[in-house]
Amino acid sequence: MSVDFLHPGEGTAVDTGVPALEMRGIDKRFPGVVALDNVDLTLEPGKIHALMGENGAGKSTLIKIMAGVYGKDAGTIRMRGRELDIKSPRDSLKEGIKVVFQEIALISEFTVAENIFLEGYPTGKGGSIDWRKIRADSAALFNRIGFNVDPAARTGSLPVSQQQMVEIARALAHEARVVVMDEPTSSLTPNEISLLFTVIRRLAALGIAVLYVSHKLDEVFEIADTVTVLRDGRHVSTRPIGEHTNDTLIQDMIGRRIESLFPRKRGTPGSKVALSVQGLSTAKKLKDVSFEANAGEVLGFFGLMGAGRTELAKAIVGFDPITSGTISVDGRGLLPHDTHTGVRLGIGLLTEDRKSEGLMGELPVYQNASLASLGAFARMGFIDKAGERKAVQDYVDRFRIKTPSLFQQIKNLSGGNQQKVLISRWLMRGLKVIVVDEPTRGIDVGAKSEIFALIDRLAGEGLAVVMMTSEMPELLGLADRIAVMCEGRLTAIMSRDDATQEKILNAAIG
Amino acid sequence: MEMSELTQSSAPRRFLGGQLLGSSQLVLGIILAVLCIAISIAAPQFYSEANIIAILRQCALVLIVASGMTMLIITAEVDLSVGASLAFVGCIGMAVLNSTHSLALGMLAALAFAGGVGLFNGLVVTRLKVNSLIATIGTMMMLQGGVYLFTREAVQNHHRLISFTDLGAGYIGAIPLPVVIAVVIFAIAAVTLRFTTLGRYLYAVGANERAVRLSGVRSERLKLFAFVVTGLCVGVAGMILSSLMNAGQPTAGRGFELTVIAAVILGGTSLLGGRGSLFGTLLGVLVMKVIDNGIIILGWNQDLQMVVPGVVIILATYLDIIRNRANVG
Amino acid sequence: MNWSKSILFASAAALALSAAAAQAENMPKRIGYVTNYATHEWYQNVIKGMQSRAKELGIELEVQDANLDIAKQVSAAEDFMAKGVDVLIVTPVNEEGVVPLLRQAKSNDVPVVLEGNPVKGMTTMVAICDYDTGYTAGVEAGKYAKEKLGGKAQVMNVGLPLLSATVLRSQGFMDGLKTIVPDAVMVHDLDGGGNPDRALEVSAAALAKNADINIIYGINDSSSLGGLQAWKAAGKSQDNLLTVGTGGEGLAFINAIQNEPSYRIEAAMFPEKEGYTAIDAAVKLFNGEEVPEHIVSPTAPMNGDDWKKYYDYDGAVRTIKWDAVNALQPPETCMKTSADLKK
Amino acid sequence: MSLASTDTMKAGPSMLARLFARQELALLLCLILVIAFFSFTAENFFSVRNMTNVLGQASLALTAGIGCAIVFISGEVDISIGSLLATIALPLIIIMNDTNSLLLGVGGALLFGLIIGVVNGYLTAYAGINSLIVTLGTMFIMRGGVYLYTGQRAIPDDAALDSFIALSDGRLFNVVPYSAVIAIVLLVVFAYMMQHRPFGRQIYAVGGNPEVARLAGYDVRRVKFICFVISALLATVAGIILAARVGSAQHTAGLNFEFQVVAATVLGGVSLAGGIGSLTGMALGVLILQFLSNGLRGLGLPTEWQLVITGMIIIAAVAFDEAKRRRIVGG
């Protein structure tokens, strides 16, 4: 039984009892690491199955084996009792396994419509592509799922959230038996999330097996029928969602209890202004943004996708040009407006886009960590390598960065550990103001709380922390004051005590 | 070497040689050794003092420019105009020497011109954001044309300065002066890349320019620096070449850029930036020139001088990949 | 161009130049010259000779450069024919490569004079005798070797196998040399690429292998100078060395004869004269006159300061002495040509 | 499917927008400017004879440029095409001389081209060696091999078959050179492939983002492999045209040809980064450079000025394009 979301009439009745997909005894080893050890997973047709676990638990590896990205070392995969031999993504797609990966997997130069049909172009006579059908079908598909985007738009020109929706839509354009979604909501707005959940429920109603991978407990409780938890490459539990509470889920995932995700240890912030931004505008997005951040304070910026948080972050550290306005750090103006001056004055950015703006993937951990503070280890232009490594080792120990050695290429570390290295980069430099943009993107629960603790500590040490986030709990859990943006403008600033989810969302909508 | 630190990361350091030699250097060192042994078995003259000096002198020119080029390629840019610039520099240097009879002024003019070409390339790449491969093809054409606008004939040596002749043909002890100059430039470049903050930044810019810029480092200046250094190296090499030929030859340097870039790539420096070492470049230059020399010494058809480096470049890169795979697997 | 004017030009030219070809009543208006490598000194002087002769005859001369690219040469000739030149002069980048070009010219009724190298299907070619040039220089080198080098002749040939012309020069040189020094040997036979840096590199390696030579022969001045520079760079004295250059294409050889003790013989080929002769041949073809297949342009070996007979040199520019050069008698036919090579 | 019929997308505006965004229009304007400028300044430039001559001259770069652009779009580079031009002329001419058959000669040349494409493609796509290194290596190997085999002498076309000569001298309806006709037909076929065949879109996807392409079920290595084969075969066709134009197998044929083609391709808006650009753009780039060099020759400018001006125009054009792109993308 297979179902094409576009042509639901062709689907047959849900045939429960026979698993849609059955993975048994899956093993996968990477050099020096056992990624998966004898893992089982069973997906039932018409059911929504959540897969949870910390980073490094093996979720991604399991999905990638399902998708044919990796080969498995041992174990079997069966679809409705028939054993599958999946060697490449093509094999997996042919079996109707559609995976929506967390990282956007679209060709940004193509139109939205073309991306929808990337896996198989409808062709007309003579095997030429039927562009009219592509446009019409994708428009129809968007219509069905209530998704408002121009199929002729260039994909790269869309905001990330819409790209994510396009990816989800793509999984529905072809016949599917199993749909896998890896952290699909990480950049969606609340409206889009509820849209997505409606879509997922309809998929299930059509008899498709859905595997929903997420860190977000509330989402899992809302949508899932069953939850499987992995830890350290091993299967921990598979239970109906009704048997779980927040605590039991977290305990399964981490193997211990977290007292609180947001351990606040710092005192109340001082009143010394560390960062002052007045009348800031940029050519594309920002309009007359003014605010101040005090030393020892976490100032949280909330906004929906496209509100201009990332643009603001890049502008105030001097990375992107501004058209008007002033920025001053500790009373000294950021002039000329560039990152060199910014870092000299003591303002730096922890980027949301680690891969293209943060990491030097090919270079070792220690060189990534010391990048911003090399001057401190320089003696007449020469690097004191011993001193440098000692300093980096210090941070590796303090932040419990998991790496085989300082010489490991940073691309081989997990997201959470990469983020810790990047935070170390700024701590080694010594800043007055740190701007953190979506600091926990792509980072799991366990590592998240460590990152939160680090941010708390930074503020405690007297830094002004400007935090851009789209995660409401993060905002309410960490920030002293909350600023809300909408379409490039600052629409509200409130203290945490005054803030409610409703007030924040109202300001975000404008 | 930076390379070794990277490639050794996954495995413990097993032997001293491993600390000195990164992945591709090891392969290359073996290739070099095999070549030397094989050639000298077939032709004992290979190990004559005169031949070794001849090889070293040939290496010197390539190594000087390759030192700058390695830095440039590490920052993920490339300069194809070095061959054309080499010819132009020689003509300008010689013309200034003829009119001033001062080696210092001649050198200065050559360096100023070549450095200026580097600066121009650098500005076009960093300011106008033109892909360096294309930008320097453009500069190459402009220089090839420009040199004939400057002089239609080879610029002859009218000044007869001994010091100028020594630049190419002189010796310090038993070692030819160009070799000494090359070693000094190589050493400075190697130390810079290996031990200084500047060198570290050059790697960093090649690995991720945006990250470097976010860290408060002026990445464009680093690239500009690498372009200018490459230019200056061409200035030195151009003057040595014109001394060796006793004239500024507008036709010189054809295909020189490919020899230099091939040697750098052969040495394991990645065209994508962020990876490579000068020690590898040294080996790359030696391998290329030993092959060239061996073919002449053995009396083989000189056309093989084109075929063999082609095979070696592909082979060395392939062996490097195999080795890396073996290490990972 | 009216009748009386051309007579005037013709008679003026005839008066000025005793060896000039007989003038006809019709002058082509425009001649197009596609050269091989205009930035090279040799061709610059060929062009100079053409220009001065064309000016005398009142002909408009246009020059295009193939810059060593055969495809570009074909394109440039096409352009000329589209433009409507009366006669085409071509220095082939490569002998085989311009066959289609000749075919096209024939179908367009444009006569073609070749300069330098023969091509299958050609009407006429103006060229020196390469073998003879090498041969006469070889004879002079033999005499010098007998007198100054103790009768020994160990030759390093900085050659260029790429072109039959340059191969002929090297052969001629050795054959001429052997007429005086029968046991002369070629120790090294090198491909110096015809350019100085390559010649230098190749010679350096060869000398490192075996430096037991006493004559350096170069198929052009860049090659002989490249060889000589390699000799000097190896730290050797020029006392018992003879360097023989070929061409005399630019200033380099004058400089070398003045300053390098071993640079004693230059096989001069007078590029200016070759250009001059090519224009005359073009005029004849235009008028449908009979011309020999090979119009020989004269060459002469120059010993030591002989060059002053043929050239004025003011330290920056050399000027050909037409009287002396026009007085040289070229042979009717060459001793050996590229056709002999292919046998 | 009732929803599908409500075709909300009109083809018109999006096409026009895409044309602007894809910069072909700017290139076309540039080409018209070049032609207009020389029509006024260079004698005999704007004549049917000269225009069609230029098309014939451009046929080499056009044909090889298709392959070059396709390889660029797939995210790789091929700089061995210049040497390939010289290499495949050998079997072509030798076989024709032996057999007096154009078909066998062309077949031999294509077989040779195929082998070279397979080698380039295998080493890049399957052995995983950087394509710039692979093709730099094969460039050296082929050029050296040709020199070795020929002893640096050209091999004349002794067979002188009429059909082969027609490739150089013949003109369709006595106007357009056959070589140009071949180039234009190939251009149309491959431009159609790139825009309207699934395989063409796969090439764009593979170059645009290989990881995404793999996840979409494409065999990335196979796609790249085929691109190299296509490039080698098209360069072979260019080599056959060149051999006809010069009536021989030239050992120095195509020296620096790769630079010309790469420059024209990039000028035409095909990105070295992969996934961006079109064959139409490439063709316009080739034509701009070809008309430019023809016009400069027509003005009687010496080589040195032609080089300087061409160099400046390449840099200026790419800089302008880059500035425009940045303005569109923002920042």
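Per-chain residue numbering starts at 1, and chain names A, B, C and D are given in the order in which the chains are listed.
Just so we're on the same page, contacts are C-beta pairs under 8 Å (C-beta built on N, C-alpha and C of every residue); 3 or more make two chains touch, one makes a residue touch a chain.
Keep in mind it's a predicted model, so treat the numbers as computed, not measured.
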B-D against A-D, pair bridged by the larger set of C-beta contacts: B-D
Farthest chain (mean CA position) relative to chain B: A
Distance from chain D to chain B - Cα centre to Cα centre, in angstrom: 31
Whole-Å gap separating chain A and chain C, where each centre is the average of the chain's CA atoms: 73
Centre-of-Cα separation between chain B and chain A, whole angstrom: 44
For chain C, residues contacting two or more additional chains: 39, 191
Junction residues of chain B, two or more chains touched: 148
Shared-contact residues (touching 2 or more other chains) in chain D: 152, 302-304
Chain pairs that touch, as defined at the top of this document: A-B, A-D, B-C, B-D, C-D
Complex interface listing, chain D residues touching chain A: 1, 3-9, 14, 21, 192, 196-198, 201, 204-205, 208-209, 211-219, 275-276, 330-331
Chain B contact footprint on chain A (complex, rising order): 31-32, 317, 319, 338-340, 342-344, 348-349, 351, 356-364, 367, 371-372, 374-375, 377-378, 381-383, 385, 404-405, 407-409, 425, 429
Contacting residues of chain C [partner chain B, same complex]: 39-41, 44, 190-191, 195-197, 200-202, 204-211, 222, 225-226, 229, 232-235, 250-252, 255, 259, 315
Of chain D, residues touching chain C in the complex: 43-44, 47, 49-50, 53, 56-57, 60, 151-157, 165, 168-169, 242, 244-248, 250, 252-257, 294, 297-298, 300, 302-304
Partner chain C, residues of chain B touching it in the complex: 43, 45, 48, 50-55, 57-58, 148, 152-154, 156-158, 160, 165, 168-169, 171, 176, 241, 244-247, 249-254, 292-293, 296-297, 302
